[in-house]
Amino acid sequence: MNIIELEKINKEYYTKDGSFTALKDITFCIQEGECVILRGISGSGKTTLLSILAGLDRPTSGKITVDGEDIAKLPDIHLSHFRGHHIGMVFQHYNLLEHLSVTENIITPLIPMKITPQEAYKRAKEKMEIANISHKADMDTNRLSGGEKQRVAIARALIADPKIILCDEPTANLDRANAKRFTDIIKKLIDIGKTVVIATHDPLFWESDLDIRIIDIEDAKIVADSKVEV
Amino acid sequence: MQNRLFLNYLLISLLKERSRHIGVVLLSLLLIFLLSSVLFISTSIQTTIQNAIKSEPDFVIQRVKGGLMVPLPLSWIDDIEDIRGISTIQPRVWGRYTTASSEPETMLIVGIDPLDPQSNRAFSKIMNQTDIKSFLDGNNMIVGSDIAKWMDMHYAKKSYRFLSLGGEFISVNRFATLPKSSNLISGDMVIVPLELAQKILNYDTQNVTDIILNVPNHAEWSNLKSKLEELHYDIRVVSKQDSIKAYKQMFDYKGGFFLALFMIVLLAFAMILYQRYTQVLSTEKKQIGILRALGWSVQDVLRLKMYETVIVIIFSYILAVTLAYIYVFIAHAPLLQQIFLGTDGYSGNTEWIPVINLPTLMSILLLYAVPYFSAVIIPVWRIAVTDPKEAML
Amino acid sequence: MRILGYFLVITPLLLISVLLWHYFGFDYNKRYSDINNIVSLTKLNTLSYKVTWYEPRIRRFESNIYTPYPELPSAEKLNYIYGDMYAK
């Protein structure tokens, strides 16, 4: 079953010196449980594509269906709800709330949902186990190392039990050892049935033993797809 | 309960981000504290005066020389008596007496007329039915509680020897002490019979400080005033209405002091708010972007920030006003008292009668809350409605 | 953490105790009537002099050298005003 369907997605940025095409006629589908790598050099449009998938940005034209929902047309309040319930996002710079502790960061996406504190903290505990960060549960995030921060970000992405996890350059700020640990966690996520999309140009992923599909992006277009002929 | 998690989170983020609030809170605390202290004192004085006005005489006749008040002769009473419509004419003798010790204390010597029925009635009320005759028997005085304290400290437990302004010693027995509750008006008083007051203050027996009149027909007041003013070239007629007007002006919000204070406070608020506004723009931009990216709607973000701001506003306001109340009415406003009661040399402790001026307190709250609230919520709202993609950068 | 926690707990407590104090801690009637009695007795509302800053003028007068005035009241007048007190 296709969990993500993109059809002729275009994205234009309008700047002072005219418009700039960041994505051009992007069409592909992702099945539930797949692990997809978006590969491309800097400036090729990976982040732009991810934010459209996450409902953080809207395409200029085209149709995007995520988990049966046409998200390009959703009004903002439903889009927020969609983001909270269906998408787990791991940002390149982690984007943690620095003044809060690890646990508090992790439960943040649950606040607008109707959940009791007990339930929220119970869930946070589970996700910290998965992301290997339980031992730092009460630490303030501004004192964590880069790798630890990322694991907090992963636990936070998992907290609402979304079907889809999106990662933007997850290993760009990590040393090799931590990057390796990240791929281990990704393996765990695929094992529990999550759909994972990673934007990266780190060879670690295609050299690892992960079962992945690679989509190559160049100059705003898809140029290769390891599963589908373009 | 569905909101418990939200409240929990609200409290955590408030507590953890206190550094963001603390500067603003401390400054607002200080400003609201000052403003409401001044308000409490002035309202208390106003209310007390309004109350005391009932017992005040309708007119005071003074003699003025070179703009200064000087004693006037009793013969003026003859002239006034010929005017119709006056129910009582009485001379007053009162003045300041400063002791010649190393820590001088200034007393207000007031002579009372023991034969005036109103004074008689008041005397037995204050002195719990004690007859005025025993007071008139010998040199006796009734002292205000601050003066009593001072005399106790200066070995004058039974009597005090005044050095009259004419250079002779007059020993006066302490007859009674006035209650502390009337301290605002009587703390520095020394009440003696009229003729003793004349001796202490070195008046001739035919001279008095001023003359009071009561005129029952209020319609006659302005008419009478002009008649009185024609009597002598150096007369000053102060009507009750004049003095009411004088202190109304003094304490009205339009009155200079309060207005100036208000302006300063407003300016300070504006500065605080501007600082808060830019702070929201710079530091909270990223945070709001993250929250939005994590699935918070614009409403959710606004709700959190609104609750945060309202809690900060309400609590700092209540704390400041409560502290001001304690400072003024329980601690009797040390320091500020001197500004309001222009009596140096009198080291008394005034007990203000508590009055809460709710309308003005509410307008201070509004003046504080509305701009504060909008200085936080408007930028938050502006950030929240823009692309949540902010978080990606 | 602590400071703000105290702030949130102490403020309402303080408010409640001050309100109780305000409504039950004072006998307002007695206080006002005490003050009114003093004014009735002395015919002098010193408070109004204090707050309207009449005081400095009065004090300046005191430091002046006192000069007696020529007008003298008649003995009958004194008796009329002070009654028996002066007669004795």
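By letter and in written order, the chains are A, B and C; residue numbering begins at 1 in each of them.
One rule holds in what follows: a contact is a pair of C-beta atoms (placed from the backbone, for glycine too) under 8 Å apart; a residue touches a chain by one contact, two chains touch by 3 or more.
Just so it is clear, the structure is predicted and the values come from calculations on it, not from any experiment.
> Looking at A-B and B-C, which pair shares more C-beta contacts?
Between A-B and B-C, the larger count of C-beta pairs in contact belongs to B-C.
> What's the farthest chain from chain A if centres are computed as the mean of the Cα atoms?
The most distant chain relative to chain A turns out to be C.
> Express in whole angstrom the distance between the two chain centres, defined as the mean CA positions of chain A and chain C.
76
> Where the CA atoms of chain A average out and where those of chain B average out, how many Å apart are those spots?
The computed centroid separation for chain A versus chain B comes out at 65 Å.
> Averaging over Cα atoms per chain, report the distance between chain B and chain C in Å.
Centres of chain B and chain C (C-alpha means) sit 12 Å apart.
> Could you say which residues in chain B touch two or more other chains, in rising order?
Those would be 16.
> In their shared complex, at which residues does chain B touch chain A?
Chain B reaches chain A through residues 1-2, 4-6, 8-9, 12-13, 16-17, 286-287, 289-300, 304, 385, 387-389, 391-392.
> Touching residues of chain B toward chain C in the complex: what are they?
Interface residues on the chain B side: 11, 14-16, 18, 22, 45, 48-49, 51-57, 68-78, 90-92, 94-96, 108, 110, 112-115, 118-119, 121-123, 125-126, 136, 165, 178-179, 181-182, 184-186, 188-189, 191, 193-195, 202, 204-207, 212, 243, 246-247, 250-251, 311, 315, 318-319, 322-323, 325-326, 329-330, 340-343, 353-354, 356.
> If you look only at chain C, which of its residues touch chain B in the complex?
1, 3-5, 7-8, 10-12, 14-15, 18, 21-22, 25-28, 30-48, 50-53, 55-62, 64, 66, 68-69, 71-74, 77-78, 81-86
> In the complex formed with chain B, which residues of chain A make contact?
47, 51, 54, 56-57, 76-77, 80-85, 87, 89, 91-92, 95-97, 99-100, 104, 107-112, 114-117, 120, 156, 160, 168
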